[in-house]
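Two complexes, one shared chain (subunit A), two partners (subunit B, subunit C).
Moving on, here comes the complex of A and B:
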């Protein structure tokens, strides 16, 4: 059991565990049970609870495969096409039609399986899962229940503790399996006319269902794991994984139990359509279950939907009551056989086989490898590599900023599309003499915060990597001060098409190159600041900075601080 | 042995249009057989015309060009209703052709219409379709009338007619009554061979995977094969040659190229080893058929073939396992008929669920609903291991029985096709569909369980003047060997031609011309 908790949420969880684990029985009298969030803010779980609660979170993720055609038919796959315009006879389940497996979907699943450290089953099987629903025309979904294409993998993801970027921890969630299956169509319920309209465009699109073991313990972990998976899928190109377009759908299984006891009854939370909502939904559900149990209630094994407007989960009416899916082997598809270099038959048509080794050799660098390379190549901090290659930013601790009692202690996430930030950084580095370590500061502090303020994506940035590099080069060449550089950047954001140099010239932001002029300004400052000069002369060198600042102000940032310091030191020692 | 219609077409003795018209008029005069659900007169004549044009140019597409054919009404045909003899699909016009239909059309065959069957091919009598039972043409033959003694004179001949067997009874009756030269059936547990036996025609069930099922409305996907009904074995070989081979739309078809073949005339059977499976002495096997079976074995023995008794020990478990697997797949396959996308939809609109329920209650007959119910029972989580998985394991044992026997040097198995000759309709319907299917599929479904090719060859007339056939079962994908032996046997037994009094009376001239007509 201990292992379960160790896999749980960070240091505080372990502390909680140790406290609760003094004996197999209840915690010492008088000690309050606590639940915690990832950041370590212990939250009293109830007034008289016998022991702390351990939340357990598992995820089932449906990723739509990025493919021109559907899993078993030749229909095109396209988001937001006119309703029922992408429906083949098979998709509409016309009698007599048969499934024909799309090779591209198989390759995408193999790629994803390899990227998630899975073992790829060289023989996998398809099954029918039966239920009646209007957007499931055949009355069954073809899936891989018995032997899926990939099993026993793992996914490492990182998150920061206490909201501090420099306190990142890396965790691992086990991947139980990846299975290929068909997507369903869409039902549009028109309650006023009591009609249901069916759009079958999505029916039969290939999905990879990624089943994660219940190795997580809070919303933030779940969110970080899904974000990492999303990045991996996008890097592989096996799924576009845009949650807003339904290409990545996450169901969360949540339960709570006392340490040392068996897992509690779990609920399944659906309807989660953003990573931010995932964290909220999971944390809400954990809190709800704890409160329910603390108040003497029980948890039902039910499906709940997350209501993003209310920020809570509500019971969902089940599709067909208690479901028995009556699984059965799909008789129209032979077993899916994959090969590797060793097992590849010599006389086999290469168009007809999928070679695992071939795919393995061609896997692109995964985000974790890319981050390591960024750190190694450019000498930037690991946390900066995450900023460059991840799109989750844990902005603040919700508990301290939010008064909502429901959400107290729940981490707040800010999602922002920073796709391409790493490329932007690398492009700037290529075009400037400035050290990458310094460039990263400009990227994170200036570019990113500006984009965030204006809700822009990296691709929408008015300042291109070329312009930023140009500006940084002026700084490196000491043509301008960093203060002036910020002013130039402020002009560049306007996107008026001027080059940094033009702005420098027009606004006269260039450094004063004339030594004599600088010396005169320094002298004027010294003459005006008798007290400060006295202090410096009596040994308080810190006051020199004030003089430097005054010179900077005098020159409106157009003086080189190093040169100014030299001049002032020389003059004061005279 | 067969009249060369194809040669006649080539030589201009008869034109495709004439041939088509004769068949259409025969269909009309034999309407009382109820063999056809839909007659596609207009499109058939158009196809015949196009064929005629090709012959005029001297460029026929092949042996099948201009040959009138019929197709069981569970194959999709673009533009022609496909009903499965069910209220569920009454009026349903498919937007596409089944691969086998397309292949026939591509080779110039003229599609006359769609033949009757048991609803969704569930049955062994062709008596349980929404369009009524099919009557066996032999009921109206001189042979039957002479030998069957009416129980009393007050009983009119109406009550004497016999069933065709099923479920491809319409196709068997269509071929047997000369309204077409070949017909497609389907064979899941014997649905091609059984009516072929009762109607005195050749019925071939090819190896699973040799012919595409795309467009065949499934009964049991893992056992269904398109079946071929013809008047002689040579014709069956020709049709097989035109249909066999990989279909990218059916992933269970074999990848290897199939080469159409012509059947040699066997002169020497001494190298043949014929197996007589002892388990096929099934309860209820008529003494008449048993005698015929022995006679056939002797025929081979006397001609120098090695005839040995073999054992297929798991045969007796086959029919129950067949029923579990069959109903389970039926339950699954029928799930799509919910009234939403196509087919019957009930007026009940209180909720989607009530609409489903009413649609399926109104659309399916008792037989279909019964199989759906039991199939779903077998697939329930608590029953799956005990029924479905066990049945699958036994299915493997049954298949292995055949592998062992063929591995021991046996080339072909010889068995009866049916337990007896065709029953009068009034007798047949005294038992329910389930009981009948269990009896009638007993000798045929094992070949489906094992995926093996099997053929019914009409052998003799019973004491009542009705056809009796025997079944040959061959090795997987060894259709050529199977058909060669069947052809040799066909030649030996000289099965008599049907003498259709009724048809003569209705349409004397046409019948005379069509008599004994075959196309290859």
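Moving on, here comes the complex of A and C:
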């Protein structure tokens, strides 16, 4: 399906937040089919004349609460476990069982509500949402439909306007509510035997549903908002929010309309497994709806699934009329009462009390605050602070939950060294042409692991930011391969005062620049590997990688893989 | 026999005879809405019940009329009660792992199982559409 080519937004003012004084003006958005202006309306030019379309995107996000046990039962919460081993009688919905609320889940929801500037409802209620599905043994889900635990908040996030990350815009999306609810089990569809296998390990796990108002207008905004929410949740520790493990699930509600007219019919897009796919799915759906309407069709109020392989949305369920969930109050749970410093009763068991003010005092610095600190205290450029902070949050989070001792060690080191690291990072970035994103990778993966091995702090590092920047410059200029760079770093670590260039020359680690030499080696490999050559010539392109690997081995890592591929392809096509 | 006498003696008063379900207030002949076939179809789909015949539908109509009596009560300005537990404290449990690991016991209930998974029919099989259903509704 060919994407409609957008002819740009024509003179749209953008409020930019930046250091230097730069004039306003549209920046080309390149690959994106839809561009958004700062006021939140998108105006892609359509085929049939200048009637603009305003896409509207709202999100429903389910974040799995990071807790030891489930929301209403004492079964363990764990990602991969033998099927149906983390299931209690209540989770299996056996008669005679009752829900018992987990305090940690309430605290997690309150923390999240406070971090998102919500009003916390001191009295919230639980309801039952009825529908039939094999992974919902009770036939209903306990949720908070009438009075959720938190309402009316906001989330601020930033977008880069151009691809170089030089201009950033801050946007806000309103949070309608946050509610506590149960997760359902997992169903594995076995189409060959016409059956579904049910695993209830996930059934009953606590979820926070964050409902965002439809204040966004394109895939990029949605992705940025979710990314920021993910960072906030990880910083708070209320959820690990790893989309790949199903701890963060996003459903997008998309519609389009002409400015001034009422909102169009919306579709719900599900089955989005990563933030990148979220942006793609939303943009595709906006495009699909615009094309459909411009061709005189109508949009059905339906649920569509995103097919990541094809990059499109397909209709999912056959909804016969609107789904009626027959909400009713949960009869087994009294209202949830939360207290603050003023309303705290004098002689109540403190284990039975959730004190909003107490939680508020103990909230950690949110990502936006941390970024501002990085900028103020360490002179990090605003656009770099995003990269650095994402990595810091990821690692701290990863370290507390992963089992690899090496990585856990790095995370711990990170916590102790955050200050020194930020400075080091900024110094390297200032002295190298390498992109900050890649610099971070080198610092985290290589420098830190060396530091850990020798039990040093960043300030005691024998490799200064200057030396590392020097080394990374060689890499950027493609004078050495990254494998060689690692060897140079190991050598630099000895602290013998040599420069990276000197080490490269002495150990002959530089990439072979002589084209003839490379061609000779490639030819030799081709001559030796008859079987592989035949396979490639008969169409199996993947075997080419093996040949490239063999050339790399011959040259002891001193060949540029891209160049080698080009030479081999040329030779094999002769 | 002795146990039965003991039991009878323990009771405060004799058990009243079973009474037919009759409302305290006779049903008002107010605006009667017949339940349409469409609504019936929807109800059957949502609750997975089968009203089956005219008698079943009539029973439903009676139940609706019976419940409608609630409208007689003036509830202006009265806070609705959600639960008889509304003045109780919601007990909060500590976040400890205390249950689980009873796979074999749980699977004992399952008619079919595959390697510790419960087996269910594929997906959600949609109910036959109203036109295909062979209920009496078609005739009405």
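The rule we apply is simple: the second predicted complex is superposed on the first by the 335 of 574 C-alpha atoms of A that agree within 3 Å, B and C clash if a C-alpha of one lies under 4 Å from a C-alpha of the other, contacts with A are read in each partner's own complex, and residues count from 1 in each chain.
Keep in mind that, in the parts below, a residue touches a chain if its C-beta (ideal position, glycine included) is under 8 Å from a C-beta of that chain, and two chains touch if they have at least 3 such contacts.
Note that this is a predicted model, so its numbers are computed, not measured.
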Kindly classify A:198 by the partners it touches after superposition: subunit B alone (first), subunit C alone (second), both, or neither?
-> both
First (subunit B), second (subunit C), both or neither: which does A:208 touch?
-> neither
Would you check which partner chain A:134 touches, where first means subunit B only, second means subunit C only, and both and neither mean what they say?
-> both
Could you say whether A:92 touches subunit B, subunit C, both of them, or neither, answering first, second, both or neither?
-> both
Go through the superposed model and pick first if A:324 touches only subunit B, second if only subunit C, both, or neither.
-> both
Have a look and say if subunit B or subunit C is in touch with more residues of subunit A.
-> C
Touching A:522, do we find subunit B (first), subunit C (second), both, or neither?
-> neither
In the superposed arrangement, which partner chain does A:337 touch: subunit B (first), subunit C (second), both, or neither?
-> second
Check the residue A:84 against both partner chains and state whether it touches subunit B (first), subunit C (second), both, or neither.
-> second
Common interface positions of subunit A, toward subunit B and toward subunit C = 89, 92, 94, 100-101, 130, 132, 134, 196, 198, 324, 326, 331-334, 352
In their shared complex, subunit B is touched by residues of subunit A numbered 89, 92-101, 128, 130, 132, 134, 137-140, 196, 198, 324-328, 331-334, 352
Name, in rising order, each residue of subunit C that touches subunit A in their complex.
-> 42, 45-48, 82-103, 106-107, 109, 112, 114-124, 126
Residue set of subunit B touching subunit A in the complex reads 75-76, 82, 84, 89, 94-96, 98, 213-218, 220-222, 248-252, 255, 328-329, 331-332, 334-338, 340-342, 352-353, 356, 376, 379-381, 384, 388
Write out the stretch or stretches of subunit A touching subunit C in their complex.
-> 67-69, 73-76, 82-90, 92, 94, 100-106, 125, 130, 132-134, 187-191, 194-200, 317-318, 320-321, 324, 326, 329-337, 351-352, 354
